[in-house]
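Following this line, the structures themselves.
Here come two complexes built around chain A, the first alongside chain B, the second alongside chain C.
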Partner chain A sequence: MNRVVKAGLAGGAVTIFLGLVGLIERFADLSLVGEQVTFSRLILVVAPFIVGYAVGRPRVEHGERRSITAREALLWGAVAGAVAGALVGVAAVAVDAFGVERVRAVFIQVTQGLIDFVTLGLEPPIVGAIGLTAISAVAGVLGGAMHVVPDRIRKPIVSAIATILALGFLQRVVPVAMAEIDLETDWLYTSAGLTWFGAAVIGGIAAGVSILKTWKGDVIRDAIRGTTTGSQIGVEGSAPRGGTSVLRTVILGGAAVGLFVLPLVVGSVVSERLGTVMVFILLGLGLNIVVGYAGLLDLGYVAFFAFGAYATGILTGGMLNSFEGITPPVIHADLSFYVALPIVVLLAAFVGMLIGAPVLRLRGDYLALVTLGLGEMVSVLVASPWLTPLVGGPAGMRDISDAAIGGISFRDPKNFYFLALAFVILALFVSRRLYRSRIGRAWTAMREDEQTADAMGISTTSYKLLAFAMGGAIGSIGGALFAVKIGSITPASFQVFVSLQVLGIVILGGLGSLPGVVVGALVLVGLPGILREFEEYSFLAYGAALVIVMLLRPQGLVPNVRRTRELQEEERAQDAWAAEKEQEAAVEGVST
Partner chain B sequence: MSVPDDLPVLEVTALEKHFGGLFALSKLDIAVRRGEIVSVIGPNGAGKSTLFNVITGIYEPDGGDVRYMGESIVGLRPHQLVKLGIARTFQSVRLFANMTILENAMVGQHCRARGGVFGSILRTPGIRDEEERIKERAIEALGFFGPRLSGYRMDQPAFSLSYANRRRLEMARAMATDPYLILLDEPTAGMNPRETLELRDHIVRMRDELGLTVVVIEHDMRVVKGVSDRVIACDYGQKIAEGTYDEVAHDERVVEAYLGTKATE
Partner chain C sequence: MADREGGVARVADVRMSRFERLPWRRIILLILSIGLITLTIIGSVATLSKPPGEGGYSGATWAGFVVDGISQGAIYALIAIGYTLVYGILRMINFAHGEVMMTGAFAGFFFAAAYAESGFLNRHPITAMLIVTLAALIVSMIVAVLLERIAYRPLRNAPRLVPLITAIGASLFIQNAFRGFFGPQARGFPRPDILIGNVELFGLEIPKVRILVVVVGLVCMVLLQGFVARTRTGRSMRAVAQDREIASLMGIDVNRVIMITFAVGGILAGIAAVLFATTFEQVRFDMGFKVGIAAFTAAVLGGIGSIGGAVLGGFLLGLLQAIGPALILSGFGIPSPFALKDAFTFLVLVLVLVYRPGGLLGTGEQEKV
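Entry: the complex of A and B
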């Protein structure tokens, strides 16, 4: 019981925290469905729901798995939810009694409106607090019920609610996309979120899909994988594994087409953000080679981003803002972007080795610290008076090439997306080929145990330098594209936070995983841009996302696929092998 | 590399290694001829592993010389020595735990291949052939230990192996570097008696079938007796006896070093 109360208190504390930072009141008007389901109301019940779910989970006690009965799950959920709600209610009543203005002196986001909202607008507040406790208890029961209700009922409901909420959050994006392809949107969206009718339809579809999946799931899965259920793998020669089926081809083709039509339908605001996502995917892929493959923790990766951007600016006719008006930098060339880029990439690889050389002997924490310093030096240098004649100091550089081909400017967000996509595909290809070669093996060995790798014939010096060079080269493409995208650059874009953001992408997605980098960039860079309302809370969400993912899924969102698959297929391979050996033994037994 | 048969493959002269005031190796002389199996024995702390670490370039010696095929190899990095044909295993097994068994062995072949960045990205026919060859050679090295490291096991991560199999994989990885000289640091530590006897045969086979020259640090006297052409006993970083197993086993100073008292008393 102690545990249940503690969980409830923790949930209440989270809600209070969200209230104190202003998240609750800020979104009182953000409707998700109809006018009734607002984001703020959702926040109030989310924490009780989660703690209600958490306390009902089966758990391991003294080494034994202890399952929880349905009654316990519901009861504990109710108690935990009620405690969470009561804590929030008590806090609201206390603030009200103490005087909102006095509390506001410290917590500036606390307003009378917030207190009224939390106490459900009832007078006196204590009544509202009791009401909130009751609602929270219900939310807690629902959380506990997640363990009680059988899968075939639970899954469709959860999937329906999740889909409705997701579309509710995407109310700035989805209608625009639908309008672009001439779809009627009025039935689904109003100016404030989904309509109830739309929500019901969407929920119904999601539930239907979920039911279909439970019902015919294995058939569909086999169709996608191109295998048939019960095919013996490896026993009778080569089974038709990995053979392409029609459905699989359709899905892959659909995804590819989706990638290409995406910017055409989502509108220019989202296209612009997708371009940024592409730049960060490139940065992530570069850093993935250094951190994910070679295991060198580099916190100064922004250096390559800056180098790529400024070098592109200098080589493609960028100009400086100075006191005498617009002047060319001291080193100046007016090359085509496509001539300049290979030069930039080669130089960046060289810079990578220059940065790598002094830190070759450092490991782990020390390496991280020194690279952090080197990255910061780059940020300071580009803003310094010393380099002002070259890169323009704080005022930066302008008039950078838009990389136009035949009059098609890549400054346009939609066109830029395709240019960046091409380089992302190239970088994915290069990363994958390198990883699955002798070089990738050497990096992996070095990451696992540097000294042993050396003693097994791998020149760790060369391979560290190579990792820095390849990482630098790919990162500089990200910088070059960034310069093309916005046309003018200032030191403000190359602060140390970029390094941390890219590292966050790589770690969140899963170290060493290429799809992970893409997903990580979409989540950490794409989502904050699409959910514009939350922009001011993006760092809060960022931190929370990292903490949650690292606690629940330390291997990342999309872990390094190869190893995961190996672990799963191990058992089947083992069975096949054992059967084979058994057969051999039987044959030998007959012949002797 | 053709070397006259009488020239020692490995020759250690007056080797010194100090850690602060501790003399881990002191005026140590050792010579190993081609195709020999030499055991190095001695109590804990006698400097045996330090000797291996100096030979393989992990430590720089403080004095003396290490000659391999007649040429001094002092100052060369470990990976350069692997390329010259010196492979080793570690006393505390050091595999690449998250790589598969096959990949571990393929790392051994790294130094015998030369595929570069551009070739690997473009996957040229040359690179593909080379990868094939690396894989074949790795499978061959794993096959030395029979089915234990072969078959379905090759695609399992190294951490899934039993302790004895980890030791075997470490040896297979060393053999995959195509060495002339292999240094085994306590290869039977942690193995049960049956596995130990089996490994004794493997060590002999390394020499007889693969033509390797073997130096082995070993505590299990049945193994030492079973494999050694010559035994060198060390204590306090110095050689205290050398000869056949029987000669060394009955040497007064060796018995004293092991038992800590004068045997004659």
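Entry: the complex of A and C
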């Protein structure tokens, strides 16, 4: 019971935190479905729901797996949810009694509106707090019910709700895309959020698909597989593999077509953001080689990004804003982007080796700090008066080439997307081939145990340098494309946080996983762009993502198979260790 | 006999590596160090030969730099102790320690601002500043302990880089949470009237704040040294730092000791926060980041894991930052050398780690850094 209350308190604390940073108020006017279901209201019930779900999970107690009865799951869910809601309610009442203005002098996001919202607009607030507790208890019960309700009922409901929420989140993207291909949108979306009718239709479809999958899933799969009686016992080993490969081809083909069509249908705002996502995918792929493959935690990755951008600017005729008007930098050339890029990439690889050489001997965390220092030095230097004649100082550089081919300018977001996509595909290909090659295996060996790798005849120095060089080269392409994309660059774009941002992308997706980088970039860079309201909280999300992923799912969202195995082995070793400890404790307990 | 053979093999090994491996690293390092030393000497000579007013500095200005450097160094030293204590025990870099300091600064700020408004700050400056400091150190302590509990403890047996990544995440998270709580703008930290102005000491006009900072800093360091050296808890801390498992077998509650370590680091960071905020008269959500890195550099410079090293490193780094850019960079005619102060800090960090990873007072531990 103690555990349940604790979980509830934690949930309440999360909601209060979200209120204090201003997330709840910020989304108050953003509707999801109709006018009734807003983001803020959703946030209010999410925490109780999650703690309700969490306390009902089967768990290991005293070394035994303990499943939980339906009554317990529901009851505990209710209690945890109610505690979470009560904590928020009490906080709101306390603030109201103390005086909103006085609290606001410290916590600037606490407004009367927030208090009214949390207390459901009821007077006096204490009634609202009780109401909130009741609602939260219901949310907690629903969370607990996830363990109770049989799959065939739960799955369609969850899939319907998830689809509705997803489309609600995409309310700035989907309607634009639908309008672009001349579909009627009024039935589905209002100016803000889904209509009730639309939500019902979508939910119905999603639930239907889900039911179909549960009931007739095998039949469908067989149909796709093209075998008449998929379950012939003799060939079971080979048949499913053939089937999944067809399925995979279909999915991959669909995804590929989607990738090419996407910028054509979504509006220019989203296209622009997709371009940024592409740049970050490139950066992520580069960093993935250094961190994910070679295991060198590089926090100065922004250096390559900046190098790529500025070098491209200098080589393709970028200009500086100076006191004498617009002047060329002290070193400049007026090359075509496609001539300049190979030069930039080679230089970046060289710079990578140059940076790598002195720091190679350092062990993991020191390496991280030194590279952080180098990265920060780059961002200080590009803004410094000293380098102003070369890179323009705080005012930056302008008139960088738009990489036009025969009159097609790649500054246009839609065109840029395709240019970036080409480079992303190239980088994906290179990464994949590298990983599968002798070099990739050498990196893996080095990451796992440097000394052993050394003893096996792997020249760790050269492979580390190679990793830095490859990472730097790919990162500089990201920088070059970024320069093409926006045309004028300032030091503000090359702050040390970019390094952490890219690290967040790689970690969230899963170290060493290529699809992971894509997913990570879409989530961490793409999502905040889709919901503008979220933009100012994106760094908060990066931080939370890094911590939560490391705590709960160190292999990332889309894990690399080889890597997962390693982490699990680690976990197993840890579990064994913990068990040993427990036994020791037990022995101690007996002897005293 | 076996020993002898081992010795022979080792000698052979050394020879082999000398002949067979291209010492690229050595060559690059040698070129780098010769270049840096030459640049330093040329720059310093050039700066010193310039008359004041034409790019040079007068004696009083230099003295001012030294005072600023020592005072800044005291703040770095206090924060660096937090890094060094945690590193000594957990062998991890508590990347979010700078943010711990920032939280303390905000806590202190709200008290100080309220007292300044009510006039209490100037009527009873000592009491007021004590309460402000108390608030700061309590908040810093709580944040540091929570950080350990939530972000680091579950990962204590994870691969080394995992807690570092969490620490980076926590740093970003705390920073942006405070940005959300209190807004992105800098807030003016009030300074009591008795701390405004200069005093004359050794024939120099020294700002009162700077003196206060150094005095408070030194007192804290002495107290900490006493705590670690004399008390029972301090002894447990040293034991855990030496060998966690054996310490736990000796009946020391390791989790508790680690918690106390974080708490002590947090307290010192809180005090440093008030000193920092009083000196620069502002607080901001991202103030902890660069100070944190600088303090970490100080800890590494002195030899991470050693308290004396952190103190020495703190003062040295403060002095280097205050004098270095002016002395070395002005000679080359680089405009506004102090804009490059942070780059200078990082250069120091990189150089220390590359040339002397154990730091100045390094324990001589043969751990592969």
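Here is the rule we go by: the second predicted complex is superposed on the first by the 526 of 592 C-alpha atoms of A that agree within 3 Å, B and C clash if a C-alpha of one lies under 4 Å from a C-alpha of the other, contacts with A are read in each partner's own complex, and residues count from 1 in each chain.
In this text, contacts are C-beta pairs under 8 Å (C-beta built on N, C-alpha and C of every residue); 3 or more make two chains touch, one makes a residue touch a chain.
None of these values were measured; they are calculated from a predicted model.
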| request: Examine A:107 and indicate which partner it touches, taking first as chain B and second as chain C; both and neither are also allowed. | output: second
| query | Which partner does A:452 contact after superposing on A: first (chain B), second (chain C), both, neither? | reply | first
| query | Where does A:98 make contact in the superposed view: on chain B (first), on chain C (second), on both, or on neither? | reply | neither
| request: Tell me which partner A:369 touches in the superposition: chain B (first), chain C (second), both or neither. | output: second
| query | Touch check for A:546: first (chain B), second (chain C), both, or neither? | reply | second
| task | In the three-chain superposition, say which chain, chain B or chain C, touches more residues of chain A. | result | C
| Which partner does A:437 reach: the first (chain B), the second (chain C), both, or neither? | first
| query | Is A:215 in contact with chain B, with chain C, with both, or with neither (first, second, both, neither)? | reply | neither
| query | Of all the chain A residues, which ones make contact with chain B and with chain C? | reply | 570, 574, 577
| note | Residue positions on chain A within touch of chain C in the complex are 17, 20-23, 106-109, 295, 297, 299, 354, 357-366, 368-370, 372-374, 376-377, 380-381, 383-386, 461, 497, 500, 503-504, 507, 537, 539-540, 542-547, 550-551, 554, 570, 574, 577
| query | Considering the complex alone, what residue numbers of chain B touch chain A? | reply | 56, 58, 77-80, 82-83, 87-88, 90, 94-100, 103, 106-108, 110-111, 113, 115, 117, 120-123, 127, 130-131, 134, 147, 151-152, 155-157, 160, 173-174, 177
| message | Under the definition above, what is the set of chain C residues touching chain A in their complex? | response | 21, 24-25, 28-29, 32, 92-93, 110, 150-151, 154-155, 157-166, 168-177, 179-183, 293, 296-297, 300, 334-336, 339-340, 342-343, 345-347, 349-350, 353-354, 357, 368-369
| task | In the complex, go through chain A and note every residue touching chain B. | result | 429-430, 433-434, 437-442, 444-445, 448-449, 451-460, 466, 470, 563, 566-567, 570, 573-574, 576-577, 581
